[in-house]
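Heads up, the next two complexes both have chain A, just with different partners, chain B and then chain C.
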Partner chain A sequence: MLNFLLKRLLLMIPTLIGVTIIVFLIIQLVPGNPVDALVPPESSQEVKDQLIESLGLDQPLYVQYLKWMGDLLQGDLGRSIIKTSSVNTLLFDAFKNSLVLALFSAAFAFIGSLILGVIAAYKPKSIFASIGNMIAIFGISIPNFWGGLILMGIFSVTLNWLPSIGMYSVGGDGGFLDLIKHMILPGIACGMVTLGVMTRMIRSNVYDLLNEEFVLTLKAKGAKSSTILLHVLKNATPGILAIAGLQFSQLLGGSILVETVFSWPGLGQLIYQAISQRDYPIIQSGILLVAVFFVLLNILVDLLHAAIDPRVQKG
Partner chain B sequence: MSSSAVEVSDKETVNLANVTPAAATAEESFARKAFRSFCGNKFALVSAIILLTIILSTILAGVISPYSPLEGHAKDRLLPIGSPGHILGTDEQGRDMLTRMLYGGRMTLLAGFVPVIVAACLGGGLGIIAGYFGGRIGTLIMRVLDIFYAFPAVILSIAISAALGQGLLNIMISIAIVFTPPVARVMETAVKRIRNQEFIEAAKSSGAGPFAIMRRHVLPNVFSDLFVFSTSQISLGIVIAAGLSFLGLGVAPPTPEWGVMLNSIKQLIFVDPMLTIVPGLGLFLTALTINICADGIRDALQVK
Partner chain C sequence: MKTKFRFVTLILVLAFVLQACGSNTTTNSSSSSTSSSTSSSSSESSSNDGVLTIAMTAGNIPVPNTIPTEGSEGLRFVGFQLYDGLFRWDLSSDTEAAVPKPALAESYEVSEDLMTWTFNLRHGVTFHDGTPWDADAAIFNLDRVMNPEFEYYDAKSAGGVANYTKWIASYSKINDFTIQMVTKEPYSLLNWELTWVLFGSPTAIKELGADFSTNPVGTGPFKFVELKEGQSMTMARNDEYWGDKAKVSKVILRPMADAASRLAALQSGEVNWAELPPPEAIASLESRGFQIYLNAYPHVLPFMFNMQNDIWSNKLVRQAANYAIDRATLAESLLNGAGEPATGLMYPGQSWYNSEATQYSYDPEKAKALLAEAGYPNGVDTTFVIPIAGSGNMWPQPISEYVQKNLAEVGINVKLEVMEWSALLETFASGFPEGSDYGAVMISTGTYTPIRAIDYNFAESAFSPVGNNRGKYTNPEVEALINQIKTASGDDVDKYMQQATAVINDDAPWLFLLHDKNLRALAPNVKGFVMAQSWFQDLTTISVE
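On to the complex of A and B.
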């Protein structure tokens, strides 16, 4: 297991280097002089030249990259152009909030899809299966930001059951219950796609497994249906886990749109503001953070996979 | 495309198949069989018809609607759905909602379809080259593309779009970049599967060059994989395109686009929660019918 972990960690290094190169190059796509985006339009050429020199923008591209990497490795993500604070503080606070929402949303989607998917696989002709299939295809088709607006329209504006914006009530106690109340609508909106994708995946996985010989053997032995389900689920876990890891990061990425709808103080909201203010260091560090998180998450998924299925370690 | 083929009625196809059973080549009869199987799937057929209607009516927007998509009357602001003369009501500037939906659909559909086609060509090409040659070239191509997997699709397209700046072309470029690596991976796997089969060996030994083999022998054999995967990307492309516009990265308002319309209306949700239904429903219905059609195409092409 330790060898496996070391191998995965070593393989991670070229991926991470590649990720930083892509993130660095994306910002080079900005048309025109990068300084134009940094200073007010009426600034003189002198000011611009000074800034170019102080930021090292007159250096060759690879020197700029190495300097940026050097700062990164020391944990310095740079400074926000608009907000005068360092990117680190802004980013990690926002990321934490996004993660809270994504975890809640993932819990909703994973539990929901497990129930819907298993039912649909067990009783493919029943009405539950049809409803499950419908929820699945609706889930993958619904744009999450529109889903959020509709939920907000129904449950906040019309029925006034749940709060529509923010993470905590203004002047509230900031308690856990308050947080949950604020999370329900954006959580469901974010999780719909994942719910749809996972339900379809679990349904076809479980359906295939139910037709395998070991299930027939279990049935012949007179095993209870709950025992059979346990066996089937254990066999389905590696596949589900692999997709779940992938889906979680997609969910985190997709939450940007939902966060802007619900004014959730997360990474999405931060990046959204940064886009309109052309605050590139924030955008750059934001996607870098998500990508690095995703790479680490993948390793975690691989480790779990290896723990469940020892064949993986050898392969 | 499936949607244009749907116009031919089911009965006609059957007749055609009966008339020339022996003359049809193997490929034709497979396509025909797949088409018949697709038409036998009622869900897929109905979806294809709805989708075709949506596409046609956005193309014919100027013919269908008497209103301008850009100019409205201040006195007709925010008319509800079902108002006389404005079936879907009007928006916050008094512009006819149906008209803006029709014109807006052009942008959204274009921004969803074009990147998928670009990614299919680019990713398909890279995947076939990687899969056919294998070895160092294959590893190099696939490892570079693998790095893109570290980014969630939405966030990567947002970052690229934000860097390139506002505009329809820019969101199409960003979505095409995001969609290319997955296509390449699917194609590489498909090509590896057939690479060592005898007909490829035969072509090699008869002196055909690698690119001729890829074009004549590899591509036709993996084309259905490419087609199935690409159709499944279309709805995601449309949703991402609308999402980017929703964030203000796509077309600039006043030009109608479904994402832009949702964004400008979102502020008014506290005035009338019903307002967001129309633009979103167009988007949802399009994505839904495309997904059902894509499922139908996948099932139909599995018929061998």
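On to the complex of A and C.
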């Protein structure tokens, strides 16, 4: 197991170095300039050039890259060109906010899909199964930001039950309940696709397993249906886990539109705004952070997979 | 099995119908629920004098340095609220375009040669941290943006105001409350430029260094309280303000890049001021008691023609294009009145509008005739570049598609090329890219100072990359008038501006489309707002009941 972990961690290093180089080059090759976000559009080139020089953006790319890497290795991600604050703080806060939302969405989607998927597999012809199917298809086919706007229209504007913007009420106590209230709508909007994908996946996995011989044997032995379910779920777990890991990464990195619609101060929004303003330090470090998280999550999923299924370790 | 399926389908259809009916009834009652929610928030706020919560179009909270980020929206809601300049925009009228008035300068004199400006600074003003405002504070701030050798020189702020400080050759302290500036050339309009040069507390700048920009201290009508990155910025009323004090106790800014989200936040009572809600929501908002504000201001959304291009260097073709656009339908049907037809550079009501100048009506026959006269009886093919979004550009895509349809009807076949805003600015930084066959580019501009309106856009000295004359338009008549404008005063400024407008309208270096009307919606309980004819607005007159 330790070998497996070490191998995966070592492999992570070249992957991440590759990511840094690609991100650095791509963002610099795209036309546009952070200076455009700092001075009026009609400013003269002379003014822009002075600013570019003072920001060190006139240096050769490899010098800029090495400087960034040097600082990065010392744990300093630099200062945002536009926001002037430390990138460490900006990214950490935004990442935390996205993580909170992703965890909530994941909990909603994973629990929901497990319930819907298992019911649909057990009773494929029941009303519940049809409703489950319907929810799954809705989840997959409705774009999440649009779903978010619909939820907002019903629960914020019409019913006035839940807030539609931000993470906490301004001037509120910033407590847990306040957070939960703000999280419900964006959480559901983000989680709907995952709910849809996973419900369908769990349903077909569990359905297939229910027709396996070992289930027949269990039934013949007179095992309780809850025992059978446990056995089935254990066998279905590796597949579910692999998809769940991917879905979770997507929830974390792929919710830019939902974050924009709900003004959620997350990583997606931060990076998106940074891209439109060419705030290089945030873009580079932000994407690197997402990549690190993605790779670590994959390793974690593999480890869990290996723990559950010893064949993986041997392989 | 089939029966069961049908039963389920029936139930679901019924559920949807009921939901639809239900949502109708709730929509009707929602106006009362909305007003009750706003009134509950107002009763909460009346105890603390009212809180104005603004949904901004920017995706970020502007960094509140003396020149905030997020362009002019940053200046509107942050810069001009936290800070003052020697002059401030007079935003008290909704019937005339805003002009500068003395602020941190109480009065000023200009020498006869129009080169030496002496400013008598206002007495008794303190920064929010108690630092007194005097000539030393003024010089400190000017050094910060104009003297690269200065210890506290801030390159970003300097770049932000370079367009306005470029006229100044030197500045000096005369006594504790008098400073003097000498311009590089005779220039009678420096007061317009100085509205952008804002002053921060020297004590705070020295103490905080780079962190000043996130802990700003000015002299403005509001004091900085708190900035929560990505979420909100809170400002509180400055009870010691030298001018008219604000009525609301707090202004809270919330960044909301999505128009539908701003609309929802307004309707649910989470904000009581929404910038630019979707124009299609105007009628429904009004019917629910929300206040819709629209007012023209010095702004124009044009296509700037490439004067180096064979087709567009021909004045007749440019005029033909201008006669081909049905601006009234564009403004009313497509934008629900959120814009005003731009029949020329200035809008009627602006003191620089010239009613005797060429104004472009919708006349497709004339357009076709002009095109034929120009030697293109069978029409022309060309490419226009548009941004996805970007400061002041309104809704570039639907507007351009409409223009494309109008132009096609007279034989001008336009291919639209869409660029991201920052990429577009870079591509057109030095004007139209060499060797490109682009015929025009859409970039909006503010025409709120005489120099910005004419010199920046149409002078030969303003060919990009120096200024905003991206199409490299030039006309000796305009050059002569610019020189007169720079040294004119009083009514003469208006006279020469009108003359310049007439020449430019007739030359048609731009395809004039629309003047923005700054659509915003306010909750019913927000009172006392006067929508100035300016990109900037005065928040001090507002109360939340």
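By our rule, the second predicted complex is superposed on the first by the 276 of 315 C-alpha atoms of A that agree within 3 Å, B and C clash if a C-alpha of one lies under 4 Å from a C-alpha of the other, contacts with A are read in each partner's own complex, and residues count from 1 in each chain.
We adopt the following convention: contacts are C-beta pairs under 8 Å (C-beta built on N, C-alpha and C of every residue); 3 or more make two chains touch, one makes a residue touch a chain.
Predicted model only: the values in this text are computed from it and were never measured.
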Subject >> Partner chain in contact with A:Gly153 - chain B first, chain C second, else both or neither >> reply: both
Original post:
Is A:Tyr280 contacted by the first partner chain B, the second partner chain C, both or neither?
Top reply: first
Original post:
Now for A:Ile22: first (chain B), second (chain C), both, or neither, which partner does it touch?
Top reply: first
**OP:** Based on the superposed arrangement, let me know which partner A:Val290 touches: chain B (first), chain C (second), both, or neither?
**Re:** first
Original post:
Does chain B (first) or chain C (second) touch A:Leu270, or do both, or does neither?
Top reply: second
**OP:** In the overlay, answer first, second, both or neither for which of chain B and chain C A:Leu99 touches.
**Re:** neither
Original post:
Does chain B (first) or chain C (second) touch A:Ser85, or do both, or does neither?
Top reply: second
**OP:** Considering only the touch criterion stated at the top, classify A:Gly166 as touching first (chain B), second (chain C), both, or neither.
**Re:** second
Subject >> In the superposition, chain B vs chain C on chain A residues touched >> reply: C
**OP:** Could you say whether A:Leu229 touches chain B, chain C, both of them, or neither, answering first, second, both or neither?
**Re:** neither
Original post:
For chain A, which residues belong to both interfaces, chain B and chain C?
Top reply: 30-31, 149, 152-154, 157-158, 260-261, 272, 276
Subject >> Contacting residues of chain B [partner chain A, same complex] >> reply: 143-144, 146-148, 150-156, 158-160, 162-165, 235, 239, 242-243, 246-249, 262, 266, 269-270, 273-274, 276-277, 279-280, 283-284, 287-288, 290-292, 295
Original post:
Residues of chain A touching chain C in their complex?
Top reply: 30-33, 35-48, 50-51, 54-55, 79, 82-85, 90, 93-94, 97, 125, 127, 130-131, 134, 149, 152-154, 156-160, 163-168, 170-171, 260-263, 265-266, 269-270, 272-273, 276-278
Original post:
In their complex, what parts of chain C are in touch with chain A?
Top reply: 1, 4-5, 7-8, 11-12, 23, 26-27, 30, 33-34, 37, 51, 53, 55, 59-60, 63, 65, 69, 71, 155-156, 158-160, 162-163, 210-211, 213-214, 228-232, 234, 252, 254-258, 260-261, 264-265, 267-271, 391, 420-423, 425-427, 429-430, 443, 445, 452, 456-457, 464-468
Original post:
Okay, in this complex, where on chain A does chain B touch?
Top reply: 14-15, 18-19, 21-23, 26-31, 137-138, 140-143, 145-146, 149-150, 152-154, 157-158, 249-250, 252-254, 256-257, 260-261, 271-272, 274-276, 280, 283-284, 286-287, 290-291, 294-295
